[in-house]
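Sharing a structure with you now.
When the chains are written out, they are named A, B, C, D, E and F in that same order, and each has its own residue count from 1.
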Amino acid sequence: MKTILAYGDSLTYGADPGGGPRHAYEDRWPTALEKGLDGQARVIAEGLGGRATAYDDWTAAADRNGARILPTLLDSHKPLDLVIIMLGTNDLKPFVAGSAAYAARGARRLVEITRGHFAATGETAPQILLVSPPAVVETTNENMLGNFGGLDHLFRESREFARHYRRHAEETGVAFFDAATVAKADPRDGVHLDPANTRAIGVGLVPLVKQILGL
Amino acid sequence: MKTILAYGDSLTYGADPGGGPRHAYEDRWPTALEKGLDGQARVIAEGLGGRATAYDDWTAAADRNGARILPTLLDSHKPLDLVIIMLGTNDLKPFVAGSAAYAARGARRLVEITRGHFAATGETAPQILLVSPPAVVETTNENMLGNFGGLDHLFRESREFARHYRRHAEETGVAFFDAATVAKADPRDGVHLDPANTRAIGVGLVPLVKQILGL
Amino acid sequence: MKTILAYGDSLTYGADPGGGPRHAYEDRWPTALEKGLDGQARVIAEGLGGRATAYDDWTAAADRNGARILPTLLDSHKPLDLVIIMLGTNDLKPFVAGSAAYAARGARRLVEITRGHFAATGETAPQILLVSPPAVVETTNENMLGNFGGLDHLFRESREFARHYRRHAEETGVAFFDAATVAKADPRDGVHLDPANTRAIGVGLVPLVKQILGL
Amino acid sequence: MKTILAYGDSLTYGADPGGGPRHAYEDRWPTALEKGLDGQARVIAEGLGGRATAYDDWTAAADRNGARILPTLLDSHKPLDLVIIMLGTNDLKPFVAGSAAYAARGARRLVEITRGHFAATGETAPQILLVSPPAVVETTNENMLGNFGGLDHLFRESREFARHYRRHAEETGVAFFDAATVAKADPRDGVHLDPANTRAIGVGLVPLVKQILGL
Amino acid sequence: MKTILAYGDSLTYGADPGGGPRHAYEDRWPTALEKGLDGQARVIAEGLGGRATAYDDWTAAADRNGARILPTLLDSHKPLDLVIIMLGTNDLKPFVAGSAAYAARGARRLVEITRGHFAATGETAPQILLVSPPAVVETTNENMLGNFGGLDHLFRESREFARHYRRHAEETGVAFFDAATVAKADPRDGVHLDPANTRAIGVGLVPLVKQILGL
Amino acid sequence: MKTILAYGDSLTYGADPGGGPRHAYEDRWPTALEKGLDGQARVIAEGLGGRATAYDDWTAAADRNGARILPTLLDSHKPLDLVIIMLGTNDLKPFVAGSAAYAARGARRLVEITRGHFAATGETAPQILLVSPPAVVETTNENMLGNFGGLDHLFRESREFARHYRRHAEETGVAFFDAATVAKADPRDGVHLDPANTRAIGVGLVPLVKQILGL
């Protein structure tokens, strides 16, 4: 039995683009991935709304800096066979980091933290899979546009995700998946995913995860 | 379907008193509790080795101060029906806090954080169940005795857990369970639990959790 | 006798737009408000130059993140009948947060902190009054323009304060006052207030505060 | 008109040893001091329950480390003519610092912070008056004894306050006052003061403060 | 024998603009300065890649906020005769601070910290020399341009360094040197210096340092 | 040419047990070690008075937690061939950690940090040499005894240093040296070293360091 940590933000949490309750357990992508792995792995979901890769955001009670919290989760859930990191959308908020390049650099820091964490004590490090975020879509949701610096900014930067994440994945030698190839956001807020697109990420990850874990 | 957060330390993680690998998934108490609830609840296990209630310990890469990390976990796993807090053993280390009274005060702080967290945004707070740690036993494990200030200190203080935790539970109006009534440590290190005693906590909690959640 | 906490920045402190000494005690708006309440309330002034709502700024020895310091002040001055929050101008500095929308979101976080703080321990929460900052005016003060990202940025964003603050006040159910209706900045630096405009805020708040407190 | 900052803990806050509401405004020592200065000074009260000199205590929502918060208060209330520091009792809790010598060392750090704070920017530093805490008395309050490490510990250490504080005051060249010469705790909890003893500190400080400020 | 602390970033560290190993010890500017002082001073090099003046950047394991680390280095290397501060280039990254004006304000904070640090304990403060960063040059290095917000931003802001640094140096009464008068970056990445330009800073500082230290 | 980082406290700094100025450069042990290595290595001295291994002490302006600062120094001085860690004496202060076992555990954390730091980015880690502190001696210095919990405590714990450090060195596979075999404290304060004993540490380390570095 393999153990997988899914480290993400509201897209991993399963936030409803309509502002309603969290998506059903079955619709969240870690669940869909676990189902697709046919009982050969457990997927631990750690998705925090608003989480950024390695930047601070103190507008919530939870610590949204993914770099500060990750070591705690690695130790709480070890031994791990695979860590899947899908973060970066919140980094696009101008007050957080503001660009896909910074998001990708922050995501790379999470790769480094994971590796250094286990090397420090001589424990075996898990495999790592870096996922660039799904595509945003046009929206008229004023609140969301305010948060993300306007539609032009959001569009221009989100289209750069895959290019930057792929490069960092290659340079660090970890696996890569572009979630925009399987999922796109809901026009109600332009950023969050409906249940079908949320599940699609889990389903889309199955072949690559099987290959990584030799399942 | 109910959702329960199990917030704990190495006893929730499932650390082996012999220094071997983590207890099997089936032997950890959150799993045993979930099994006992017959499919009516999911139990999310967040057990970090060395975690204290509300005191710092920087001798590990993970943040061991349970008060600093809790808000992040509450938001990652909400909506929650019940939060079970079983922490305090590590507080007995003299450099951490050093007494059962302080452990209980720290655990009360976690109750306060949980309530304030959801009240801040007008969300419904989960029920809370405060669990005082299981009984320590005599050991000749020098390393463990060094960590915990010697056997006399460890014995004297751990016997005070239930009294202090019960009082704080009553004063704050949360549920209480004394894990020492169902589980005791393994003499190999005096503090950690063998698989049977680990499972016993989950099994022991079933009736009370059913009552709290109306199952 | 009621107790009111005035939580603010340099405008609450009483900074002189000409760079001179702090405005006289009588000219600061918390004093003017207290005077207008005819001995029925004490107003505790906590105005820190450079304070932002919930964002970091480490260019001063004082901690300017209003979210980190607020719990300490709530406990130092409780029981409180009313907390007046007038912050946000410093958030407009591009390196702090950079927009009225973020300032308003940060101010909402202070509302959440205040409510969660007292709910955590079962204490009665004070009323809350959210004040959107006074209007900035044209200036040729190069230093100030450098700090605030230029006149265009400062103007465009500051004109959005009231709209965003009012919305958050309504959504969270707290009282709202637009300070720009009674006070505008001094052209010497474009942001700070002369004594008359400073007093005007206190005088302007009197009717609403009386209504909130039932005086 | 002079301005005085009274920086303290629950004894400055005016906590009731019987667990009831805060002492009346008129009974708190900063008020008594202000009254004794006959309108020649304003005394700003910043007393936080549980505040220690320069040590952490995360069992409350407020930041209790007096060294971390002091710069913010110095800037919020400057220009100051005098800072009165009366802290140290909470340092006696074994998990905080545990001895009068450490309390005094922490109080000296607050003297250093105050001086460095204003020297950093070339502003004039206020005078400083270091006050060693009032005498504790015998009590049977189990909760309080648990907090403070038992009666023997509390007695032995609190009797050392004046000696250590006086030495640090002399070495740093600040004024010194021993509050135990005018006030002693209430036997209901052994540590906190009744209204009469609280007022006595303010009254007792009047002559020395007048002398320091040349009133 | 005098002691000088060289507090800087990758330009002080001696990073290779071609991405290769660190410049040789002899080529780093603190070494060149020490050599030029003819055995009359030791220069302690503390150059950290990515260090900003007083802003956070959590994308590395090292703490890059120069304001948080400086007190530790001042105490580790005291008594000091001179502190040379050459920081600011990394502040131009949009997610760090984003402008020469903010870089200069952050550098001023380091001047304040140095002065307050020694005044706090009554120790003699060192002289301070504020150095505005060398000139950036055109580059096609995409990675670097991504980090620094593009060539236009990098050019416009870096040309403002000297003006802002000189003003803060004058206002605080510390010495000033414009490194752009002696060194410019390597076109391979537009920001870092080749060995010759690195040495040139040390050589260029010799006359002013001699004058400051009376050598 | 090899590069060695000497990471320590006041014993590495060269504090005078008589309270006078810092020992001469030539008398500090990193200098003596460098001299003994005959020009084949540079030894970078980073000794901070009061530094503990991995525990907080906020009674000074400098950050005394050796675990928080180490990554910054590793990056400032890399590439490194050897890191020598001689810390632990300050951990014996009861409010810091209070025992040789905790000091050794903290020192082990520094070993882990060093290894994880370079593994995170795939850089080559330096060799590590763990040094248990020199012997304390009897003293009548009241201030020092107050700081260190009295002579009995200081003696009992310091005698346990070598045993604990050797065990952790063996378990982590790093080199070990017991400084008490070559140096003992000065009776004027019982903890600090006179120039001869300070130099003796550097001289004593030469053979082992040569062996480690293959010189």
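Keep this in mind: a residue touches a chain if its C-beta (ideal position, glycine included) is under 8 Å from a C-beta of that chain, and two chains touch if they have at least 3 such contacts.
What you see is a predicted model, and the numbers here were worked out from it, not measured in a lab.
Common neighbours of chain B and chain C under the contact rule above are A, D.
Common partners of chain C and chain F, by the touch rule above, are A, B, D, E. With rounding to the nearest 5, the Cα superposition of chain A on chain E corresponds to a rotation angle of 120 degrees. Centre-to-centre separation between chain D and chain E, using Cα means, comes to 42 Å. Remark: chain C and chain D have CA centroids separated by 29 Å (rounded to whole angstrom). Averaging Cα coordinates per chain places chain C and chain E 37 Å apart.
Within chain E, residues 56, 60-61, 68, 112-113, 116-117, 120 each touch two or more of the remaining chains. Which chains touch which is summed up as A-B, A-C, A-E, A-F, B-C, B-D, B-F, C-D, C-E, D-E, D-F, E-F.
Of all residues in chain C, those touching chain A in their complex are 54-56, 65, 67-68, 96-99, 101-102, 105-106, 108-109, 112-113, 116, 164. Every residue of chain F that touches chain E in the complex is listed here, in rising order: 1, 13, 21-22, 25, 42, 46-49, 60-63, 68-69, 71-72, 74-76, 78-79, 117, 120. Those residues of chain A lying in contact with chain C across their complex are 56, 58-61, 94-95, 146-147. Against chain C, in their complex, chain B makes its touches with residues 112-113, 115-117, 119-122, 172.
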